[in-house]
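Shared between the two complexes below is subunit A, which has subunit B as its partner in the first and subunit C in the second.
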Partner chain A sequence: MIHVENLTKYYHDLCAVDTINLEIEKGEVLGLLGPNGAGKTTTLRMLTGFLRPSSGTIRVKDYTIEEDALKIKRLLGYLPESAPLYHEMLVYDYLVYIANIKGLEKTGNGKLSQIRNLADLCGLNEVMHKPIGELSKGYKQRVGLAHAMMNDPEILVLDEPTSGLDPNQIAEIRQIIRRIGKEKTIIISTHILSEAEAACDRIVIINRGKIVADDRTESLKQTASKEHFIHVSIRNADFQSARAQLEVIDGISKVECIQEDQDGMIDIRLTCNASFDLRGPVYQTVKKTDWALMELHQETRTLENIFRELTKEE
Partner chain B sequence: MRGLCAVYRKELCDHFSSYRFIVLFALIAMVSFITSYMAGMHLRENLGGLSRTKFPFLMLFSTPGALFSMVQFVAFFGPLIGLVLGFDSINRERAHGTLIKLISQPIYRDAVINGKFLAAVATISIMLISIVLVISGFGLAIVGVVPGIDEIWRLLIYLVISIFYISFWLGVSMLFSIFFRNIATSALASVALWIFLSFFVSLGADVVANAVAPVGNQREIRPENARVKDMVSLCSPMVLYSNATATIIDPMRKTTRSITLMGPAEQILASRFQNPLRLGQSVIVVFPYMTALIALTLVCFAISYFVFMLQEIRT
Partner chain C sequence: MQQAVHIFNKEFKDYFISPIAYIVISIFLLVTGWFFFATFFLYDQANLRNFFSLLPIVFSFVIPAITMRLFSEELNVGSYETLLTLPVTFNDVILGKFLAAVAFVAVMMVPTVSYPGFIAFLGQLDWGPVIGGYIGALLLGASFSSIGLFASSLSRNQIIAFIIGMIICFALTLIDKMLFFFPRSVLGVISYLGAASHFQNISKGIIDSRDILYFLSVIFVGLYGTNLVMQGKK
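For the complex of A and B:
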């Protein structure tokens, strides 16, 4: 459905998006994750034909962004970050304006019936004749969603659709997205991991303009659950001898020193890839020595850990 | 075309429902009424006994009431309408983030700027035409003389020139709204340019003329000095507009120049033939100024268009 090849965008000397390659299938819900300034919004704006790439190609169906930007825009519905709207307009007038811009016919299954359908889908019926400026953030976001879906697009591009909303509003918007996601290809940009985990079939993590992870949500979760960490804090030991003792335990793949205090306290992180709990063997090993065990706990690896590892500042 | 029509309709609706437009329109309509009323009363008193007064109807627009005529008022303050309609047309959308949304729609980018410009020009046209029509009706009641075909044509040409004149300032303010991200900056820059070109250029023209062709004493008239002064003054759109409307709205005026050199025979001829200029002749006299004004308006809009089309909009 969407084919992105070597997509690059420079803002003067700053490389915002660096040689991105993506293939998005029809009906897929893709989550674009990354910290602020990672290049998510720039990527989405290039996909929607709003920003011109410095190099690389974007192909949607049989159209390329250089030659058929208008045709691609007709296939897309775009909800920009924080849903910018004309606050002085009534919701109904605004939707009519968007329907006119998108060229919906006045009669039959055209403009009015589409506005009615979207009002039902997005729950806008009770605010149709209110000025947009008087609506809550959640309702404004719904108006933005209705705008994005006005021409019944095959692809929906949503840039941080739940940003700034309260938990109830987030749940409402996610519900609408889930409803839409059954029929359309959706690309959601977010930095909320739970949102991506809940709504997306596939997750792409971007950091500093580059793709650092691209996998199905389920397989990313499995990768995460395969590994876990054990944190051990001991006294009266040096790291080299502790490592020698601990790395021989079956199932431990890596021993790292997190912190070494001047009073002889060492914080160690053990990376375990075993399917069973290794806290017992670790305790037994420490018991055989004259070290003082100050702390021992296990930390299960989550998507959040993966995200933080992949996107941490060096 | 679809996008252009949608943007045009929305902008037109926004203009007519905005408070700043209503306030400005009310102010200009009120001043025009007062000026025309005073001019009308003045005409009724002075032309009462005359049998064949020439173009009394046009005098409603060209005769100063208390301080200035309606034509002078439009020349001075008409640009404010253009500036008010355009100074935040692009940067307000950019500041609110709606420009991104608009441009990501399946419409050509130029539909945005074309729609905005055309809607503002339509607003200016409706505003001027309605003021002139109402004043005409008002004048009919006061003066009691029906305008002839020639006068109606002159009024139409005057309206077209005025629309282009105000549209020039609209183009200037739109250009600033594209250049400057801050709305206050674009408003200030537009007003500063209006003050400079409308009021300071004539002062500068005096200085340049006196430097190029100094005049010995106050009574002395040097054609060279007047020529340089006229030339420099043409940098001001207000002077261009005044010259462009000069013989159109006042057919008794036969030239736009401040000094006309005549030989003795020409002076005798001029004193014998006091008839007004015919419409065609009036148009020929003001044609260079009209075309210059129209060209300025189009060039100003063209610059705005290209800057907008080439600009990378990130926010």
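For the complex of A and C:
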């Protein structure tokens, strides 16, 4: 559906997006993740034809962005970051304006019924006759969403659709995204991991303009959960001897001392790469000694760990 | 083209949503009305020549105030991004906004039609120059609107856009009164650049292709400049 090849964007000397390659299939919900300033918004702006790439090509279906920008724009619905809209206009007037510009059928009920549907879907019925400038951020975001979906686009591009919203509003927007994601290709940029995890089939992580990970959400989660940590807190022991004992357990690849208290408490982190639970063997080992076991718990690596590792500042 | 019509509709309506439109129209009518009628009975002539001779200078500050928000506001709020990712071309956007400004200038001129009506009641009014004057005013208004639109595309700050637009319009209005500053070799060109003299010709009732061509060129240059600025932002 969307082919991106060697996409690069320079702002003067600053390279915001650096030779990105992406293939997005029809019906996919793709999460574009990355820290602030990683190039997410720039990438989306190039996809939607707002910015011209410094080099590289974007093809949507059989159209290229240089030659058929207008046709691509007709296929797209775009919600820019923080939904910039005309503040003096009434919500209803705005939606009619967008419907006209997006070329919805003038005669018959095509235009009005679409506006009505979207008002229901996005929960805009109570604010239809209020100026956009007076709406709360969540409602503005919903107007932006209705704007993006007006022409029933095949591809929906949402730039941080939940930023700045309260948890209830986030849940609502996510629900809307999930509902429409069943039929459409959606690209969401976000820096909230749980959001990408919950809503996206596939996650692409970019950092400093480069793709550092690109995988299905489940397989990313699986690689994440393969490695896990066991935290052990013990007393009456010194780290050297504890390490000697714990290192020999099958499946433990690393033993680190996290913290050593003055009263003799040692926090140890064991990195495990076995597919089975190692808490049993660790407990058996501790039981053989005269250490006092204060705490033992397992921590699986989450997407968050992966994200942090991949996007760490050097 | 269809898209330009939608943008025109929206922009034209927008003028009347905010109070700026009414303020600008009031100021325009007060200033022209006062300066025209203050001396009207002293001259004791039934014509509108003095009214039309006021227009270039009044338009120079009124029209940039009308056009200043057209792009600056969009750039400032960020709705520029929303607008350009809709299925529209640069030319649709520019044309729609430009025509909205011209239409607003036309609306602003409507109440002044009462002046010739009033004067015709007092004395023998020659309607030729009046009609010429209104055609000229529309051309002049369109030219200044295109300059104002260009100024508006330069900055996200409406006040800066207003000042840039005003400077260019004033320069075009006053340049042929400052010819003694220029060397003799360029006098012909410079005096042709002055908007006021071309406007005076038309408002005398003489419709000359050179004057029409002048205004059309200014409009084209302004709109083309706007297009270039927009391309540069991409």
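One rule holds in what follows: the second predicted complex is superposed on the first by the 253 of 314 C-alpha atoms of A that agree within 3 Å, B and C clash if a C-alpha of one lies under 4 Å from a C-alpha of the other, contacts with A are read in each partner's own complex, and residues count from 1 in each chain.
Keep in mind that, in the parts below, contacts are C-beta pairs under 8 Å (C-beta built on N, C-alpha and C of every residue); 3 or more make two chains touch, one makes a residue touch a chain.
Computed from a predicted model, the values in this text were never measured in an experiment.
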> Given the superposition on subunit A, are subunit B and subunit C in a clash or a fit?
Replying inline: clash
>> Just to be sure I read the superposition right, which of the two partners does A:147 touch: subunit B = first, subunit C = second, or both, or neither?
In response: both
> Touching A:276, do we find subunit B (first), subunit C (second), both, or neither?
Replying inline: neither
>> Contacts for A:101 in the overlay, against subunit B (first) and subunit C (second): which applies, first, second, both or neither?
In response: both
>> Once chain A of both complexes is superposed, is A:11 in touch with subunit B (first), subunit C (second), both, or neither?
In response: first
>> With the touch criterion stated at the top, can you tell me which subunit A residues are shared between the subunit B interface and the subunit C interface?
In response: 45, 48-52, 70, 73-74, 76, 78, 80, 82, 84-88, 97-98, 100-103, 147
> Along subunit C, where are the residues that touch subunit A in the complex?
Replying inline: 2-3, 6-7, 9-10, 13-14, 17-18, 77-82, 84-89, 234
> Residues of subunit A touching subunit C in their complex?
Replying inline: 45, 48-52, 70, 73-74, 76, 78, 80, 82-89, 93, 97-98, 100-103, 144, 147
> Where on subunit B does subunit A make contact in their complex?
Replying inline: 2-3, 5-7, 9-10, 14, 96-98, 100-108, 312-314
> Which residues, counting only subunit A, touch subunit B once they are in their complex?
Replying inline: 11, 45, 48-52, 70, 73-74, 76, 78, 80-82, 84-88, 97-98, 100-103, 147, 151
